[in-house]
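Chain nomenclature is as follows: A, B, C and D, assigned in order of appearance, with residue numbering initiated at 1 for each chain independently.
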């Protein structure tokens, strides 16, 4: 077990996670810079060496993490470990000389996602973001119903306009999403008003309803978080109530004893 | 009453509401997809069958819900039941072969609204949204006053501009709503500045005032919700105060008894 | 004083404020509708009669309010009364047949502002909005400093561009305000990048800094309001602490009496 | 030390900071106005005199502040003092007649930043803004990862489009920042959809993910501030718990004494 203890030390070491972070950042920066200059023969060779080095480093890193576990299968019990594993494996698939070479090269950009597992703060934010999803799922469904009705209605009213923004259901959904972001929504409206002069009602009502629902989504999440805080406050309240009850009980004991005293004297 | 008990069981059953949800989603999806492909004879027949099936299913569903009530008139005591009833009835009106056939087909999209009654979570959100309306009614009136003054003023100042964005009171209101969403508002401003070079004051002041009022509307609702939370906290405070008062009263009793003891001894 | 009591009754009566509200709304609506139709001889006469009627009603209303005060000068102690008075007086100035006739007609739209004094809820919101101003005055100054530096810098860098958006200090301020609302800001940036390729730093930094300051302005106001709520909570805490202190004091008294008892027995 | 006490008095005096504020505002206003009019010989002379005057005033002011310190080196212990010092020194560098004259003139606009040190309220806001940075650093990194992946992907997918918005990694980052502000993002999308019809998934997903992360950033900061408030509430809770414990302890003492009494009698 001597050797396993050493591996655990390495895995937990600050320099190890910092080294991984540094390698990811350098590698990602070079991937980014490559798009900004002429790629000549030398650069291609350097890139290839980089690539092999990072692939091997990642393999060693993940091997250390696996070997440091009690049982290798324990490694796959953590979602983040599986996440790491998939990213490493995906870039191992030998697609380089096939027709999917471009896709293979592209997949490598996801290596930057390993930054998340290297920084605990980021892991926590991602967990928090995931935790916020259930509380908004109903509002998303409501949003979908609103989008659905307006999309069918929009397709019915404006299917023939020249811009083709209401051509079919899917495109109408996209157009509504655009209106939700207020992006040139008046152009869409003025075009609609040429067909049906009163269609400003359609657009203004959609903007107001969608914004109102969003606005309340926002409030709901804030209030939800505040209620969580309040629940913690509640445990404080319970603590106090418990102490007060103890005092009351002791009071009654005291009274009894005094009553006893009185009866004696 | 044997039969009524069975109906109540069905009405409350999870599979029943899930079945309704599934049927609504499938039906709505097909309505949406229809806009994306060539509609040939076969599809029309399928759609017709679908339509009849959903209409009949909805009728049976609502009949079950009605029959499950003590008295049928109880059914109409719930706002959500009336809502369901109206949606079902509206699509029963035989307009298919009249000149309003298009409208009849359109009305069917509102069937997706029945998703709201099928999911309790959505009902709650709608109730919450309705509950938020009274607290913003005064801000809406204030917003209207601001819009009113700026609309009349804008119509007075820019009635003659080529784009016709200030042609009359209603159009000026629409233009102001557009400015509120920041949608190409500078185009409107630059056009106005050609007529009156100092009219940027009009636009910038409107943007700032309207944004400020909105901003405060937002704050007001958040603070309002927080005060509701605080009021619940207040009941905790009252509980504690009550207990403390009991302790004080008991203390006085104790004191009296000891005084009695003292006088005896 | 019999007569004064009657006046006070009228002033406080619900029907009186409702009457005022109704008259303002009808009058304002007609002012708005006038811009939407051909104005012929009959309408002009109706408008004139309306105008006289509203002017006289307002005069009577304000006379009642003045006469209902102990001393007439008390009337001017309330800011809202002065506000009402100024709006009524301004539309009394006989400008109709002078060259300022248009301005005179325009001033009448401010009569809609009297809606605010007629509805207590609106008065409260305005008071709240005014109350929020001091807490943001420093952020406004900060915003101004940022605008100032970027305006001078922008004028220095882009004074020569064709669109003239940076021609002088004031126009540059207006352009920056436009960028703050994200209104076609990239058009301004791309034009700037033609002169100085690196000027995207200027624009992106302005957007980030200005948005960050705004974002914090928002947070600051929310937190400020929450602290006000918390201070109220503090009085609850003080109440509890006071009661606890009373209990402690009584406890000491009890102890003393028991000590006395002990010494006696 | 008589003289030093006088200097300290001046430094702390209200009129001194007001004088500095006034001089900065007048000077800044003239710098701004200069861009709005023809600059003739007289104005240049006035500006030169102004410039010399302000430079000398700032030197005297900073000399007073330095001399008022116990030791001159103490002056540099405050970050704000160093900030003042650098601004004053920078405008002293004699660049006027060199090729960098324009830059020298430009640097003078930063004198308006001295307004921050002259107003304590502004200093506090800046400190607060700086304090908010650590709590958002992880979200900024997350944002960067999202931008990075989408930038490389965008460059891969749309490098060839006519507008050149995805030409290289840096430009793609700028384009994504533009999409984040919703600025004409549909134009970018429609251009992309001409190359890859399904690329609306790329844009809509980016908008939703980026907006969702931002949205949560906002919530996180508000909740963070609320937790700070709650921690203060906790000290109140602790105070109460302490008092309750004292009461309990005293209760036990009382009980013991009564027990003693009982055994005696």
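Going forward, a residue touches a chain if its C-beta (ideal position, glycine included) is under 8 Å from a C-beta of that chain, and two chains touch if they have at least 3 such contacts.
Nothing here was measured: the structure is a model prediction, and the numbers come from that model.
K.L.:
Going by the stated contact rule, which chains contact subunit B and subunit C alike?
P.N.:
Common neighbours, subunit B/subunit C: none found.
K.L.:
Determine, using the mean of C-alpha atoms as each chain's centre, which chain is farthest from subunit D.
P.N.:
Of all chains, B has its centre farthest from that of subunit D.
K.L.:
Between subunit B and subunit D, what distance separates the C-alpha centroids? Give it in angstrom.
P.N.:
One centre to the other, that is 39 Å.
K.L.:
Centre to centre, by mean C-alpha position, how many angstrom separate subunit C and subunit D?
P.N.:
28
K.L.:
Hunt down the residues of subunit C that sit against at least two other chains at once, touch-wise.
P.N.:
182, 184, 222, 226, 233, 240, 244, 247, 251, 254, 258, 261, 265
K.L.:
Help me check something: in the complex, which residues belonging to subunit B touch subunit A?
P.N.:
28, 31-36, 102, 106, 109-110, 112-113, 115-116, 119, 121-122, 124-126, 128-129, 132, 174, 177-178, 181-184, 218, 221-222, 225-226, 229, 232-233, 236, 239-240, 243-244, 246-247, 250-251, 253-254, 257-258, 260-261, 264-265
K.L.:
Going by the contact rule set out above, which residues of subunit B touch subunit C in the complex?
P.N.:
By the definition above, subunit B touches subunit C via 137-139, 141-142, 145, 148-149, 151-153, 155-156, 159, 168-170, 172, 182, 184-186, 200, 204, 207, 212-213, 215-216, 219-220, 222-223, 226-227, 230, 233-234, 237, 240-241, 244-245, 247-248, 251-252, 254-255, 258-259, 261-262, 265.
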